[in-house]
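Presented sequentially are two complexes of chain A, the first with chain B as partner and the second with chain C.
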Partner chain A sequence: MSTHKDQTKAVSDQDTEGPAAPIIFFFIIGFAASLVIGWGIFPKLLYSQKHQPIDFNHAVHVEEVDDGCESCHYFREDGSFSGIPDLESCMECHEDVIGASEEEEKFVEEYVVPEREVPWLVYSRQPDCVYFSHAPHVISGKMECAECHGHIGESDHARVYEENRITGYSRDIWGKNMIGIAKNPWERMKMDDCSKCHIRENVNQGSVQTQKGGCFVCHK
Partner chain B sequence: MKEAQGHNKTKKFGMVIDLDKCTGCGACMVACMAENNVSFREDESDKQLSTAWMRVYKMTNGKPFPDADVCYIPRPCMHCEGHGGHSPCVSVCPATATDYDNNTGIVSQIYTRCFGCRYCMVACPYHARVFNWWDPVWPADMEKMLNPDVSVRMRGVVEKCSFCYHRYQRAMEKAHYEERHEIEEDEYQTSCTQACPAGAITFGDLNNPDHTVNQLVKPDNRHGGRPKNPHAFRLLERLGTNPKVYYLSSREWVIRAGDNYVKNENH
Partner chain C sequence: MKIDRRSFLALTIGGAAGTALTPLPWKLTDDSSIWSQNWPWTPVPAKGENSYAYTSCTLCPGGCGLMVRMVGDRAVKIEGLEGHPINDGGICILGLSGLQLLYGATRVKTPLKRIGKRGEGRWEKISWDEALANVTAKLGQLRDANQSHTVACILGSKHGTTSTLFKRFMTAYGSPNVMTTPSVQDTLEMTLQVMHGVEAEAGFDIENSDYILSFGSGLIEGWGSPVRMFRANSAWRENGVKVVQVEPRLSSTAAKSDQWIPINPGTEAALAMGIAHILIKESLFDNDFIENHTEGFAGWKKMVLDEYTPEKVAAITGVGKTAIVRVAREFAGADKPLALCGRGCGDTPGSLAEAMAVHTVNALVGSINREGGVIAVPMTAYAAWPDMTMDSMAQSGMVKSRVDGAGSDKFPLAASLLNRFAGGVIAADAYPVNALLISGANPVYATPDAQAFKKAVEKIPFVVSFSSYMDETSMNADLILPNHVYLERLEDVPVTAGLQKPMVGMVQPVVYPLHDTRHAGDVVIELARSMGGSVGDAFPWDNYEACLEAVLGEKWDALSEEGLWQDENFQPAEWGEAFETASGKFEFMNSAMGLMPSYVPLSLEGNASTFPLLLIPFDSMRLASRFISDPPFVIKAVEDTVLKGKEMCVEINPATAKSLGLANGKSAVLSTPKGGARVKIYHYDGIMPGVVAVPRGLGHTADDKYMAGKGANFNALIGPVEDRASGLDTAWGIRAKLAKA
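== the complex of A and B ==
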């Protein structure tokens, strides 16, 4: 019996002395690898990179038009918002090539001449169950475009559209930041981001279940 | 966002259905299905499995000729208020998928939130809720006919009448655009109301004395919304569900059929 005990003691002594450093070393490697996979490789795999059909230059257009954003993104008479302009609006100026840019030439050739609508990728497309209206925010709420959309009007290029391969939604909805921090409204637009502002501004906080915003305010 | 909430008085949207005018034609059901993207199956012969937000029931007084009489009862969701929003379905929902909104009095149903436990269907005394046993399948090209203002439902969730809430959203959108804070009575009407050829259905704000629904039934808000009009009644009034759908009839047996009365008991 005694010899057996001694043997086990000897073995355990050996364990604690020698291989401590390699264990920490492997832990750090594993930890680093999981971080790289989780924050670097997985998001790359999860989101496919798509480019807009035409590399649209907002800055050039804002300089040319008189009415700022509303020149192209306007309200219709029934209060609905036009969103991305259709081909007809573009053709008011671009019936022929009027500039020197290659992208414009491509636009006229591929879309204006055959009168085909441009399949723009919408960064802000929300799921089917979400209801959003610009009128209460922009007209009643007196919000500026840039408050939610950022300084998109100053951009020279259309940025890459990242599409979630599983859900098919744009990465702008979930947010760029993997930890879930969004400093500006245009970095993320999930349900919590809507309700955060609605609670602050006391918008229709009439829910019986949650004592917060009613569901049908932003859902349909 | 600075929204002037002070202008908004609490609304209580409700419906009045005149059963003496209803012919049971079913136009309200058809209009509702088209408006709200209600799904259907290839074989719709078993009506117990079919989905309908608005359903027309037929009842008779059970008497032989010449006293035989028939009455049709269109039944949407009653949007029960109960006491302080404690409607039967809302109080049992474990997912907060259904909710009572104090600002409009409408019971909402969020399909993406619902996980299909069907407690609400058990709790609802009016059978107003339907479970989706199958994913909706639309025949070729019919998807293009769907209403973009109403989200479609998937298999495994419960759905019900929303009083065409998307029409309220549209009306409010226009009001915001025109810098108004209130909408007119005719700006927000449900699909069934507008489809009824007999004009039996009236819709509006029960709290607003200018609206027809208020004038028709004269709801007494201090007594759980009980109608002051003696010809007006609500289904299963004595359960205390405080529904917002009122029925009108001049026929005594119809009014009695609206609740479970014992023999010789006055309503």
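== the complex of A and C ==
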């Protein structure tokens, strides 16, 4: 039968049995491990790495065309923006293989011949709840393509497309930098980034319908 | 080193502190909220270049022009067509949701043959060849047995080439039994036939009128051509046009009107007669019109002065004497006043005497065939059909009496009496109905006394539905030959919903047919040709499109290129030439038929002690009550004072509710002599004590989970009451009782 005295003894035995592990040691282990997970492993898990179906070379194309970016990324007659050209536009030149690149051969074989649209991954596509139109930015706002998209026109290879596994959207929109530091527009384009520029450029922040704040400028 | 509980605590705390300094929790919170705003399973339109395809809407008789935004072959949005004379860019909620009727799940995708019991929903997919052979064999058999007249046909509309093809088929085949979905237009047509002596549709120059007196018409709730009415309503506001709404219930139209006159249900004709009384007594009528262009005024005038004094009318209608006198004086004082009738969206034909009473109010002030008035729009034969030869079987079939009694000695004015069809089939007095073809209509749902209609259908051995949807009628058919939906087909749509001039819209395919469906017009032509003989000879066209092009003649170009044909030069006939009655004048009374504008009280089914309440229906733009059921987008927009969860709400005056001990929001059982339904009590000050109201358009049992099982079908609670003169359904309500559930 255990007595009060026995219990006291047991406790004191434990105290004297070897050196007590310092609490701070475990704290530091936990702290360090979570930093490794949070900064090292989590970002890798959060974004999947996808490759474009064709390794597109912008630099080569820009050299060949007359109108720069607008040769392929043009405004339609109704003011809407063509975005990524469809297969028909590509086929204006690439009906057959015209160069020596393996990627072009693959493109012709897999897409041009079966007349299948290329499932390009769009780095800068905004989510569906955002109404974005190129026309007010490029035509009225006289912005250059590179101001938002960076120097993609000079690239020789298609970058890896990083897709957020939770939201399904491109990392270029959600933020290259995990803590949200963005030096250039192409590193992040979330709501605050749109809004920062809209305020700076004195874009009409009122909605025609509600005469209220700027929500309806982009969320229609 | 010993690891104890405190070590774990320290590890956890360290981990938590460290995690807080990483992007992990913040990013996860942000991403999960963004994920929730962009559900990945929500369908979004395809990206790509937009283009527009142009067509017309067929979901109601309104005839709106549509422009459909397309991305490639996919239709992504339906918009109103700008510049169209009816809707000019506007569109209603049902029209807007039409893509769900195209891409939705309730489509019948191939011809189907029933393998289970009727209504069980067990079907076998069959080929078109087999389906057509099946129908041809059955119809051929009946014809060979001299039973061609026992085949009946129900159509959604009496106008348009597809309907005409069905009628032509029935004539060549040898059956007089073609019925069409009824509406107040039928009653208005008869009114013009009796009083003007012309065959014409009633048009209303609402845009140019400066005083609107509506006897229960849901002007912004689906009456006439709905989007045109919205536009007119806005114009009335801008131009200070006074709108007076006479209705037992504070509907949206009543709420938006300048004056709402609550009236005892069903007594609108008495008020019209009371107004006529004041116009006559105070000599406020148009002397020129009455003196020179009317016949029978003196006799009728005496009856009006005796029978419809303000005192008597006040007692019948519950409208105060001063209000009656004031409205009459205002009406006569306006330059271009216009009185309208047709309750709600106008689906119930109503009483002929009542339509005549309201028409007479217009006639008294001369608002006939002039700006801002009622216009008799002649039914121009815009399509030219070649003659056909009927063989002896067709001839003998066509002279048989009709199942519904239309055109008989009893109902000489009627061309179709769908409300009498079920009774005719069940009684089978002269002959049984052996086959039924149904196109563009859902009568098993939409006919008053729906149970009786279903029973009648059960009695018919062979039922063929041409519906694109698995609706109530298709569910009770033996064979479904699915039509293309309107966005997939070519069709002409004459607009008869009260426009001022003849107009025909063109429905043009905006997408290729998604499923193995066929145009009902093509199917009729194929059927006729496979029957052969004089039936086949009546259909000399290769297909529907060839037929349409041939019968439209020179209008084909305008219709196929511009999508619209209207008779630009149409002018309403001058009073001197407008009337083709025996007297050549506007006739107040037709003594041969014993017809005159008057108030004929309706004896409602059920006795007042068992059923102490009056149940009336109401229509709403958010509830499609015709052959189309609400698509998911539309049913989502129904207020929870109309549909709460899966229960339909019944509007009841708080005073009546209190006397019955029915608390707001509680469930109850609504019963009528025809049927019962579980409902939710909704206390509403906008309805008269003693009257209760429920919406039309709920209570579907077929279709998909979005529509089926929500509320109750008003048509199952009410029965038709036939008008003594027209034979059409004139029931505006039924006796009812409410009890706690």
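Heads up, the rule we're going with is that the second predicted complex is superposed on the first by the 181 of 220 C-alpha atoms of A that agree within 3 Å, B and C clash if a C-alpha of one lies under 4 Å from a C-alpha of the other, contacts with A are read in each partner's own complex, and residues count from 1 in each chain.
FYI, a residue touches a chain if its C-beta (ideal position, glycine included) is under 8 Å from a C-beta of that chain, and two chains touch if they have at least 3 such contacts.
Nothing here was measured: the structure is a model prediction, and the numbers come from that model.
A.B. asks: Under the stated touch criterion, which partner chain does A:86 make contact with: chain B (first), chain C (second), both, or neither?
C.D. replies: Second partner only.
A.B. asks: After the superposition on A, what does A:46 contact: first (chain B), second (chain C), both or neither?
C.D. replies: After superposition on chain A, A:46 lies in contact with chain C alone.
A.B. asks: Applying the touch criterion given at the start, work out whether A:34 contacts chain B, chain C, both or neither, answering first, second, both or neither.
C.D. replies: After superposing on A, A:34 lies in contact with chain C but is clear of chain B.
A.B. asks: Per the contact definition in the header, classify A:199: touching chain B only (first), chain C only (second), both, or neither.
C.D. replies: In the superposed model, A:199 contacts neither chain B nor chain C.
A.B. asks: Quick one: classify A:127 as touching chain B (first), chain C (second), both or neither.
C.D. replies: Once the two structures are laid over each other on A, A:127 reaches both partners.
A.B. asks: I'd like to know which partner A:78 touches here: chain B for first, chain C for second, both or neither.
C.D. replies: After superposing on A, A:78 lies in contact with both chain B and chain C.
A.B. asks: Does the superposition put A:98 against chain B (first), chain C (second), both, or neither?
C.D. replies: Touch partners of A:98: none, neither chain B nor chain C.
A.B. asks: In the superposed arrangement, what residues of chain A touch both chain B and chain C?
C.D. replies: In chain A, positions 78, 80, 127-129 sit in both the chain B and chain C interfaces.
A.B. asks: Which of the residues in chain B end up touching chain A in this complex?
C.D. replies: 1-5, 84-86, 90, 93, 96, 99-104, 106, 108, 110-113, 149-152, 162, 165-166, 169-170, 172-179, 181
A.B. asks: If you look only at chain C, which of its residues touch chain A in the complex?
C.D. replies: Listed in rising order, the residues of chain C that touch chain A are 1-4, 6-8, 10-19, 21-24, 27-28, 31-32, 34-35, 37-38, 40, 42, 44, 47-50.
A.B. asks: For a test of understanding, state which residues of chain A touch chain C in their complex under the given definition.
C.D. replies: Residue list for chain A touching chain C: 14, 17-21, 23-35, 37-39, 42-43, 46, 76, 78, 80, 82-83, 86, 127-129, 164, 166-169, 174, 178-179.
A.B. asks: How about chain A: which of its residues touch chain B in the complex?
C.D. replies: Answer in residue numbers: 75, 77-80, 127-129, 131, 133, 135-137, 139-143, 197, 201-204, 206-210, 214-217, 219-220.
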